[in-house]
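I'd like to ask some things about the structure below.
Think of it as A, B, C and D in the order they're written, each chain with its own count starting at 1.
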Amino acid sequence: MSKIRVSLLGSTGMVGQKMVRLLENHPYIELAKVSASPNNTGKRYIDAVRWVENSEIPEYVSDMNLVSSDPNDHRDVDFVLSALPSEIAEGIETRLVSNGINVISNASPLRMRSDIPLINPEINYEHLYMLEDRDTKYVKNPNCTTTIMSMPLFDIINSDYERMYLTTMQAVSGAGFSGLPYMAINNNIIPYINGEEEKIPAEISKIFGYRNDDKIVNRNIKMSVTTVRVPVAVDHAGVLYINIKNFDIENFIKDIRNFKPLSRFSGLTMAPRQPIIIHEKNDAPQVHDVSGMEIHIGRLSYNDDTLRMYILGDNLIRGAAGITILTLELMHAMKLDN
Amino acid sequence: MSKIRVSLLGSTGMVGQKMVRLLENHPYIELAKVSASPNNTGKRYIDAVRWVENSEIPEYVSDMNLVSSDPNDHRDVDFVLSALPSEIAEGIETRLVSNGINVISNASPLRMRSDIPLINPEINYEHLYMLEDRDTKYVKNPNCTTTIMSMPLFDIINSDYERMYLTTMQAVSGAGFSGLPYMAINNNIIPYINGEEEKIPAEISKIFGYRNDDKIVNRNIKMSVTTVRVPVAVDHAGVLYINIKNFDIENFIKDIRNFKPLSRFSGLTMAPRQPIIIHEKNDAPQVHDVSGMEIHIGRLSYNDDTLRMYILGDNLIRGAAGITILTLELMHAMKLDN
Amino acid sequence: MSKIRVSLLGSTGMVGQKMVRLLENHPYIELAKVSASPNNTGKRYIDAVRWVENSEIPEYVSDMNLVSSDPNDHRDVDFVLSALPSEIAEGIETRLVSNGINVISNASPLRMRSDIPLINPEINYEHLYMLEDRDTKYVKNPNCTTTIMSMPLFDIINSDYERMYLTTMQAVSGAGFSGLPYMAINNNIIPYINGEEEKIPAEISKIFGYRNDDKIVNRNIKMSVTTVRVPVAVDHAGVLYINIKNFDIENFIKDIRNFKPLSRFSGLTMAPRQPIIIHEKNDAPQVHDVSGMEIHIGRLSYNDDTLRMYILGDNLIRGAAGITILTLELMHAMKLDN
Amino acid sequence: MSKIRVSLLGSTGMVGQKMVRLLENHPYIELAKVSASPNNTGKRYIDAVRWVENSEIPEYVSDMNLVSSDPNDHRDVDFVLSALPSEIAEGIETRLVSNGINVISNASPLRMRSDIPLINPEINYEHLYMLEDRDTKYVKNPNCTTTIMSMPLFDIINSDYERMYLTTMQAVSGAGFSGLPYMAINNNIIPYINGEEEKIPAEISKIFGYRNDDKIVNRNIKMSVTTVRVPVAVDHAGVLYINIKNFDIENFIKDIRNFKPLSRFSGLTMAPRQPIIIHEKNDAPQVHDVSGMEIHIGRLSYNDDTLRMYILGDNLIRGAAGITILTLELMHAMKLDN
């Protein structure tokens, strides 16, 4: 069987580097092309990248010459994966799509357009079926925080909760490699992340939305969100309170332990065996517990009509690079990749 | 006028050092004696302390010889201030009190005893009047987080709120100088602080309690609390959601700006001119905004029946060393110091 | 006596803010004007600055309107203090000087010009006398690291040493507030600081140089320098080895203790009583020992013809903001300010 | 072929955990037993360990019951690997050895005993031959800093250098997981590490020593060492100056590139293909360049009779856990394992 050939936009960024590493030795996806900003086109990857992953640059990519983001440079791949900065993503991606090139994108523009599926795989892979009859597939992945925080909601969203109150504590890498000066965040907390507090409930509304033919109809969500930056390199955390009556927490724990919606598919190398891991120790989960695509929850309690949990996940892998690859693997398993 | 002579228990610890510095050049309080653990008794302060304040050891204290915690070593002072570790505080403090020595203490034991006032000065200085007829005064200050987070509640606690949901992000210094290894908290978040989640609502119940003769009757509080440790040296932060209907946020802002309950007293050197400062910029307040005894709030919003605010304060000054000194100043101004 | 009126270029930067704070309440220097980048001209200081000092913006400056760097905006002050970024400093400063306006500058351009004194006050204040007959005074202060590391050399530079080997460990603030992303330096060491390794020996050559009428003749220096960035917010450190025979270390210690070259002048508010403080404890000095203008040395030893010491100082105060003010104070004391 | 069965002392510590992970799936070494402090004997590994490695506890070890350090618990293994704390290592290890049990140890006691080889594999694996006729093998590995800093000296130690001047910048993990409080080292530099400055030159003297039958005769080393703790989690760095005349730096680079002394052996899974990697970019190497057993050097220059280099390596893998395993692999390859 021939491999799925992909090209990668934004390949020299922090999320791009993560994808490069995750695609090394992939059994059926071949990273065939890497692209970066125009001034780097033509350069070897190794000469253009400021590699920050904690490993050597994979050999398979180091000598590749960077291509542009022009559709002509991507006609011979099966999918374009986009880790583009949001400022430039919309123009480039829509141009590729209008040229008949399939795109799976991490970038924020157009995430809320009702005819583009916004996929957090375990939650709403079924939305991908709306692409079945389309010649060109354009798929979005959610914001990194949304991806992580939405996971344990699968079992709550349909219940009769009053309201959710979420406080996130987000890693500095979420702002990009150069997003925050050391002097600005070291020993400091910044109680605001631009745009984030609107994105999270909006994207959750769509992820848990209903498919209506070719469109997603967002679900109504009652959620207050405060997003806070803390001096941690990687992993986004959140404390979620849910005002809900007569909640059966034992059943919730059981549902989470049984939550393996992707187990019906095979070949998903990026799918965690256990998407959500529950920790019982009071001081868990912590950063060293996180290995990649799985979400961790701890501090689970229910009293005074209040369900409380602490949620932790890797913002670069689960929140960005890994979820895009998992989405492609899923589309392959669902036979939506051609 | 002669000065109020005080001795300081736990003078070599992080909070003790802060008090030593705050009492330097105090107009009417004289730090006359310093005490530390038994193995240091007799040593000069400068030889026993591992000074970590960002300034030199004040000259006035450096050559003092450390005394024991025995009542006999404290009979000639007007007040003992206690910054003792909680494990040993109860025995030492009650022995002093039963020997007729006045004690104002930061340590956690006995904070909830109904006949001992638990004072966060701006909130409940009137509780101090219950000491009027007592020969020996024993006063407690709240937990550092309680002190900070309770401040903006003065205007809410009497209203018809449904429930409060608090997530704190607490500084490492709150665990004491040696409380957390670098390897444990650097680039990490620990979603639990032992004992803290019970203390905060309990102490708030008492601070806002009613005085009934010689006792405080706790008020009922509806509050869920999650306390989280983040890699920040100083300052505790919190995100507070309050489920409340028909809340007049403009009035709340006005009330906070007018909130100067201690302005009726003079000579309170530790009382901040403005106890609560409201920030309007989205990304404020931050650590560099905090100068000592004042509390900062930001991210103030009210919608969907949800009042939201971010609260920030200095856990070592407002939360501990400064509040104890302010309590003594207040007792002096209220003529409860003899 | 009327005050010395100064204006401050680069007043909204990190070093500029430090100067604003140091000049608050100065007995005889009045910060009369503040200047910042052209797009901020006309704005109030408080509206243009992103204040990061750990205190409130001093009231005296918050409502000042920012002026341009044009000479016409500075004709009515006695001195311009420059905390300009090096990229733009040369043009602006020389234009001021050629318009007859006195300038004392922290910026790196022209530091090595033989007719401009490069002043580290305790070391070479006498170089200032070369300005005696000039109508317009133009003075430079050294690089922050040079300022700190050169201090203990006063007693070595004339001796018969073979070579000095310096390894610096420099704080992130030395690169400016936004100089280094958190992701780049957190838990990392960067073994290079652009331009720094050339500046340090060159500037030391000039600071310890000889005055020949109107010019400074650099002294020959035998020094190898490696400059390293470490994840520390403030304070530059260095380990200095000196290959030197028959060195009398007891005498060196005595010389350092007696080193008070500025004591002949009065009114120097920025001059530390003891410019160099020797620490005898093995693990000292540390960051909390540093209070401002003084330099700390520790780990002093001499064996195998090797003098070794650890040097620590505040890169923002001693290394930049404070030294410029001290230079002005000195010029005033030396009657070179008119 | 049956595997080499080993037991691991100190298996729950930070270095022990690293060994547990490195031995997972080892082709011919089987971690058969784990041991920890007496109060944990009998417990399952997973219940006793506070796992801090950034991965899950390997399944193969999680259910093992911890054994004591008594010789009777280790008679059925081929080798005991020791990651014991230095305070207790000597007694336990010598008791094992006197009971005929082979020990390879990371702990510091007895490292300098002339009849015990002190092995940094690439440098002096030949010292292992002194064990040939011994029934029981007892081998030590050097201090983590020595291990790293000694590597590039292989090509210098025989030359006619005058003196070496080393300044190390050492990671916090080198002090053990709980070795340094966050409040003590965050944003701070501690210019001293107890015992370290004596160990480094002493151990280098022995590593590069001569074998004389059953003993190692230390080589004379002219080296001044200053060891400094910096707020970095993992990796020790150093700046090394060497006063040396007529040094051929091009040849040195060539020698380093050809330095593959272990290539004559096969099956060394822990041996890096290239033991020393030279970086040419000014700002390299950095922490993210380090993948495990290899040493990185940068900032290489030679002028004014001064050879200068920056040295960086992983203190936990190269400096401790990995080198012990590599030593065992080597002994196996050299047929010294029975």
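Here, contacts are C-beta pairs under 8 Å (C-beta built on N, C-alpha and C of every residue); 3 or more make two chains touch, one makes a residue touch a chain.
This one's a predicted model, so the numbers in the text were calculated from it and none came from an experiment.
Visitor: I need the common contact partners of chain A and chain D, sorted by label.
Guide: A chain counts here if it touches both chain A and chain D, which gives B, C.
Visitor: Farthest from chain B by Cα centre, which chain is it? Let me know.
Guide: For chain B, the chain whose C-alpha mean is farthest off is D.
Visitor: Please work out the Cα centroid separation of chain B and chain C, and write it as a whole number of Å.
Guide: That pair's centroid distance is 40 Å.
Visitor: So how far apart, in whole Å, are chain A and chain B when each is placed at the average of its C-alpha atoms?
Guide: Each chain reduced to its C-alpha mean, chain A and chain B end up 42 Å apart.
Visitor: Which whole number of Å gives the spacing of the CA centres of chain B and chain D?
Guide: The answer is 48 Å.
Visitor: Touching two or more other chains, which residues of chain C qualify?
Guide: Chain C, residues with two or more chain partners: 52, 186-187, 231, 233, 287-288.
Visitor: In the complex formed with chain A, which residues of chain B make contact?
Guide: Touching chain A from chain B are residues 162-163, 165, 167, 169, 187-192, 194, 222, 224, 226, 228, 230-235, 237, 239, 241, 243, 282-288, 298-299, 304-306, 308, 310, 312.
Visitor: Which part of chain A faces chain D closely enough to touch in the complex?
Guide: Per the touch definition, chain A meets chain D at residues 51-56, 186-187, 287-288, 291.
Visitor: Tell me, which parts of chain B touch chain D in their complex?
Guide: 14, 52, 172-173, 177-187, 231, 233
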